[in-house]
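In the two complexes that follow, subunit A is the common piece, with subunit B as its partner first and subunit C second.
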Partner chain A sequence: MTAQEVRLCGLLLREHFGEVVEKVGTHLLKGGAQNLRTIIHETGISLDLVKKSLCVLVQHGACVFRSGRKGAGSPTEYQTCCDRILRILRYPRYIYTAKTLYGDTGELIIEELLQRGHMTMSGTIKTVADRLTQNMEEGRSMDYSEVSSAFFRLVETHFLQRCPPLAGAEPKDSATPAAPAPPGTPAAPVSTAPPTPESFPDCYKVPHVTLVGRGKRQLASEDGEDQRNAKKAKMDSQTHGDEGICWQVNFERFHLHFRDQAIISAVANKLDQTSSEIVRTMLRMSEVTTSPTATCTKPLSANEIFRSLPTSYNIPRPILDQYLTLLIDDPMEFVGKAGESGGGMYVVNMHRALANLARATLESVVQERFGSRSARIFRLLLRKRHLEQKQVEDFAMIPAKEAKDMLYTLLSQNLVQLQEIPKTPDYAPSRTFYLYTVNQLPTARMLLQNCYKTVANLVERRLFESKESKRLLEKSQRIEAILASLQASGAEPEQLTEVEEMITAPEKQQLEALRLHINKLDSAENQVDETIFLLESYINSTASTS
Partner chain B sequence: MAGRGGGRGRRMMTFSVEAVGITRGDSLPPSIQQPTPLFPVMEQKPLPLTAGEEEEYLLALKQEFRGAMKSLPCFIQPTAAHRGQSSTHTHTHTHTQTSLTYTHTQTHTHFSFRFYYYYYYFTCFLCQTLQKKEEGQSSEDEEEEGEEKKKKQEEEEAEGEEEYDEEEFEEETDYVMSYFDNGEEFGGDSDDNMDEAIY
Partner chain C sequence: MAEVKVKKETNLSDATEVENRIKQLCQQFPHGITDQVIQNDMPQLEPQQRAMAINKLLSLGQLDLLRNSSGLLYRMKDVQSASKMKGSDNQEKLVYQVIEDAGNKGIWSRDIRFKSNLPLTEINKILKNLESKKLIKAVKSVAASKKKVYMLYNLQPDRSVTGGAWYSDQDFESEFVEVLNQQCFKFLQSKAEVARDSKQSPMVQRNSSFATSHEVWKYISELGISKVDLSMDDIETILNTLIYDGKVEMTVIAAKEGTVGSVDGQMKLYRGVNPVIQPTGLVRTPCGLCPVFDDCHEGGEISPSNCIYMTEWLDF
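On to the complex of A and B.
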């Protein structure tokens, strides 16, 4: 947990869960695993609030607990990890992806689960059906079965998974609630690392749920109806057969999807649409057979690829072979050849593709900050590994004085490193080689930390701007509320214009400018998160293989 | 007159030049006319943000999500502490998770451990019952009955803590403060019947 990560996590917790959870969360991040008494003592927050905050953090998967390290009987320890909290930045992207793949229903299911952290299937379906019914025309409502089928599809493709049943230290934990379809609870021993959800066999098994009905519309009801609705709500709290089985969003699956999208769009940008379709087909075919951390997909024969191409792309077989040859020869090495049987066996190189995408990101960063000539030097050093200053000047074709200047600027920014190779045991400067080099992995890590710092700065600036104009924002909100209530109760246009004129023109301009700024800052956060995703994927893939 | 050296004394400073270390012939840094800028100068301007339908939709999703989170029970307000909400309220949003009830019982053992500490001292126990009676009388004066329970729980908690502080740390002795009582307060109620002898 670096300082930048902790700072960003604190800001995200504050925006989404409030300041109390922020204090508890940052304390846990900085201090490691702690028990309840330590947390209360060191943060100075009351027991009640600390308990609530820990509940919220556990509910959203940000905090795990286990029995203390001093053996059985020692108090439970709580531990938080940065990664899960940093995912909050990516929530809009998850929701949007669900929308593109599974429509509005899928979008709302994912949104509900992200907002609540963990929720039962029946609870989710009911809430989503109600929300969908709200937006439909009068008289129509959403049936539970439609929402159920969308839920099944999401579980089938592993976008949703069950929350892992807890390997508690106490035996009373195994007393599962009375449910007809009990979750698979292996009696796992107390281990140092929390078990992943995938280590449980029933991770993707949908329980048998009896759920019949339609979504309910929230009506502006009078007293009589209120009582009826209240009675209905009491009757509705029946069991549906899946108590105790909670579901959560499977972020790793979304990340695999994003990674595939990144590779496909990179191929489309570098080559053309047809090549990207071929790569998309290959990735689709290897979705289930490839493990998430694999270096490359399983080999696919050209015949199989030809058969699986979408019917809209009826390219003849020899043309497909030519495209595949082009893809192999491309220096980005997206696709590789693994054999000759079946018309040629081809693989998609995931890790190499990620490394190339990260490299392109680094080069683009250098280009935008220091200019295209510095970027040329950077690319040169990436290709040639170690170069002396004279060689850099020659290969980059830049005059000596400027090349020296640029190299030193890059060196001071830590993007380029200096390697000394002595000819004699005393490191005499005249008798030592000084070689410039770029190491991709440490540079990527450094840029990732810069990205976290950037997002934290953007969030802080946005909070500052809102705070500056707090009075104005509150005034405009009050006026909007008055306008809405007047319109609902049917007022004349003069009254409405009178209320609207309570905000003066310069104030309107100020509000407009504020709205523009906040939108820009928010949008910038989303876009920096795309870079964060690329760099994180590259670092994780390289770290796991090396 | 003394300050005018013509060609010789062109560089007149308020401080002695030799003391600072600037020798003759050195070029001085350019004189500063305004404070240094807050941020370093940017040679290259950053690229504009990509703006399209997808980005706008993502922006709307993000802002809506933030707004929705503020109205959910997960958003904990610091002012909730003063109203002394009971601990059962903690788990309204956790529904049926056995894990969180487990945590709940675990922290309850912490509580009972604390009370054990107090019952360990017999005199402490006596003081507590006396104070509870006082409390019972004062709380009858309150208007709302609903608040009574909550306040009692809070006060007991607070009073328990207060007592703890008072007992142990008032004079930094190792003995409980009631050790030093000379029994004056005891038996003060029976002053009315003076004809009975006191043994």
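On to the complex of A and C.
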């Protein structure tokens, strides 16, 4: 939990849940596992508010609780992990993926679950149906069964999973797998692997739910009435047979999907469309048979691949074999050959593909930041591991002075390291070899921290820009509200134009510019998040294989 | 010398005859003769006389004194080079010899001092002398530009000193290297495009997009953009830089001995490739390229709220 991660988590919590939750959350992040009294004492927030913030954090899976370390009977301790909070950054990507795969219904289901943290199936379906109905034309409404079927499909493909039940005195947590197993609890599981939601057999079982009806359209009425209606909907006393079974979004599955997409697009860039289709088929076939931390998929025979290819790609069998051979010969080693049975057994090397993608990311950062010649030196050092300065100049064909300059710049930014090999025990500089080298994993970690800092900077800038124009924004909001109420009560066009003119033209321009700025900052955050995802996957994959 | 003649008149032919005899012996054994050989030939010659005769020949510059493992060797010197050195004294001859021994690579003035044990001022005088006589020349080394190595006038300096094809007058020709770089890349890229457009089976496509280093070498030579003759090794170093640029990949295949361009039964094949990913998300933000990234924090002089790079980027 580095300082940059804590800062970014704080900003995300503030944006999504408010300042009180931010204070409690950052305090937990910095302080490790603490009990309620400590939190209250050290943050100075009242008991009530702390309790509510902890509820919010637990609801979203960011905080886990367990009985204290001093033995059963000591107060429960709460612990937060920054991984789960950093996922908030990726919500737009999850929602977009759900939209591309399952349409609007899927998108709304995922959005609701992300916003609420945990929710029962019936609750989700009803809310989503209502929302969809609102966006449809008059007279049409969304049937619950359609939404249910979308929900089933999401569960089938493991994008949604059940929250593991909390069991009495020894709560098994449903937070990220990174949460440690309770150390002092006597009945704690012996294995050090933390209990994940997937260790429960019913994880993906959809309960039998009686849910019949259609979405209700919310009528356009006064604000106050809306509030009351909303409250009434929540206290709906209908039961549907699935109380206590909450569902949450399975982030790991989404990450696997993103990883597959990254590999497929890399293959498409490097080779051609058909090869990427073949790799896509192979990955699709091994979606459920491969564990998330495996370095390569299970071997697939060429016959199976041939049969599973989409029918639009009408390539004859020998051509498929040629494509597979080309994929194997490619230096990027996306696909490997694991045997000869069944026409050739092929695997997708995920760990190696991730390593290559991470390496390409590092190279691209060096290229954009320092120029293509420095990128040449960087790639040269990645290939040849250790080189003396003279050798670097010779291989890269860059004049000595410039090469020296570039190497020293890279060294000062810590992208390149020096390895000393002494000829004499006293490390005298004239009698020591100095070799330049690049270590991919530590450099990736460093860049990841830079990414976190960048995103935090972007968020802060966005908040700053909104704060600067706060007065203007409030004014425009007031005017919009007035306009809406005038329109609803049927005013004449002159009154409307009069109200509209209350915003002067330069102010309109300012508002427009502000809107553009905020959009730009938002999209930049998403782009940096893509880099974060690649680097994180690479680091996790390397850590689990080594 | 006249005294010698008078004294030994009865016993021996005169000293010139001794010298001539020695010279004949030298010519008989072009690799050099030792004292032993002279003694065997003229057993009646006293060592003193022998020494004097040899010294005379040495001072005349007709004999070369060398040392090998068993003792001293005397060798016939070329008449030509002997004539060159007329008028120079022993020290100069010594320095000249040392430089000659260095051959192609030349020798630094400090090394000359070590080998000849002469003081620095003497060395400098002698070197100036020899240079004015056009017997040696100074060549600037490309590794250390202040260092001058001396070699014989008519020798071609070795590649390690001048740097080979990429250096002209001690300057690394970076534009030349850049031009070659781009030409090679264009050649490989166009070959890959032709192969891709041919719409044949993928294996054939890939194989036809490959070019051997020999083909590239021929193409570049025919282009004629290089004043210097480039060897295949030179072209391979250029192609290697393209690999380090990430634009080209290389494979080695086994080739029959004797096919054009094969070295030791292998051939190197190069082809142009596309990059694997687009420029990554981090570098599309100003923070990814910011030179003061490490100094930036909220509430400081440089902070996200007042970052000028961000302001420019947002208004872009």
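Note that the second predicted complex is superposed on the first by the 502 of 546 C-alpha atoms of A that agree within 3 Å, B and C clash if a C-alpha of one lies under 4 Å from a C-alpha of the other, contacts with A are read in each partner's own complex, and residues count from 1 in each chain.
We adopt the following convention: a residue touches a chain if its C-beta (ideal position, glycine included) is under 8 Å from a C-beta of that chain, and two chains touch if they have at least 3 such contacts.
Quantities reported herein were computed from a predicted structural model and do not represent experimental measurements.
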| item | value |
| --- | --- |
| Superposed partners subunit B and subunit C on subunit A - clash or fit | fit |
| Contacts of A:N450 with subunit B and subunit C, given as first, second, both or neither | second |
| Touched partner set for A:E111, first subunit B, second subunit C, both or neither | first |
| Which superposed partner A:V58 touches (first subunit B, second subunit C, both, neither) | first |
| Touched partner set for A:V365, first subunit B, second subunit C, both or neither | second |
| First (subunit B), second (subunit C), both or neither touched by A:F17 | first |
| After the two structures are overlaid on chain A, angle v-u-w for subunit B, subunit A, subunit C in degrees (C-alpha centres, nearest 10) | 110 |
| Contacts of A:A524 with subunit B and subunit C, given as first, second, both or neither | both |
| Touching partner for A:F306 - first (subunit B), second (subunit C), both, neither | neither |
| Lowest C-alpha to C-alpha distance for subunit C against subunit B (Å) | 5 |
| Residues of subunit A contacting subunit B in one complex and subunit C in the other | 368-369, 520, 524, 526-527 |
| Subunit C contact footprint on subunit A (complex, rising order) | 265-266, 269-270, 272, 274, 319, 322-323, 325-326, 329, 331-332, 356-357, 360-361, 363-365, 367-369, 372, 375-377, 379-380, 383, 395-400, 402, 447, 450-451, 453-454, 456-458, 460-461, 464, 513, 516-517, 520-521, 524, 526-531, 534 |
| Contacting residues of subunit B [partner subunit A, same complex] | 43-44, 46-47, 49-51, 54-55, 57-59, 61-63, 65-66, 68-69, 72, 74-78, 80-81, 85, 87, 90-91, 93-100, 102-104, 106-107, 110 |
| Partner subunit B, residues of subunit A touching it in the complex | 15-21, 36-37, 46-49, 51-56, 58-60, 65, 75-76, 91-93, 95-96, 111, 114-120, 123, 166, 168, 170, 172-173, 175-177, 243-244, 246, 368-371, 519-520, 522-527 |
| Residue numbers on subunit C that touch subunit A, as the complex places them | 166, 172, 174, 177, 181, 196, 201-203, 206, 237-238, 240-241, 243-246, 249, 251, 273-285, 287-289, 293, 296, 298, 303-305, 307, 310, 313-315 |
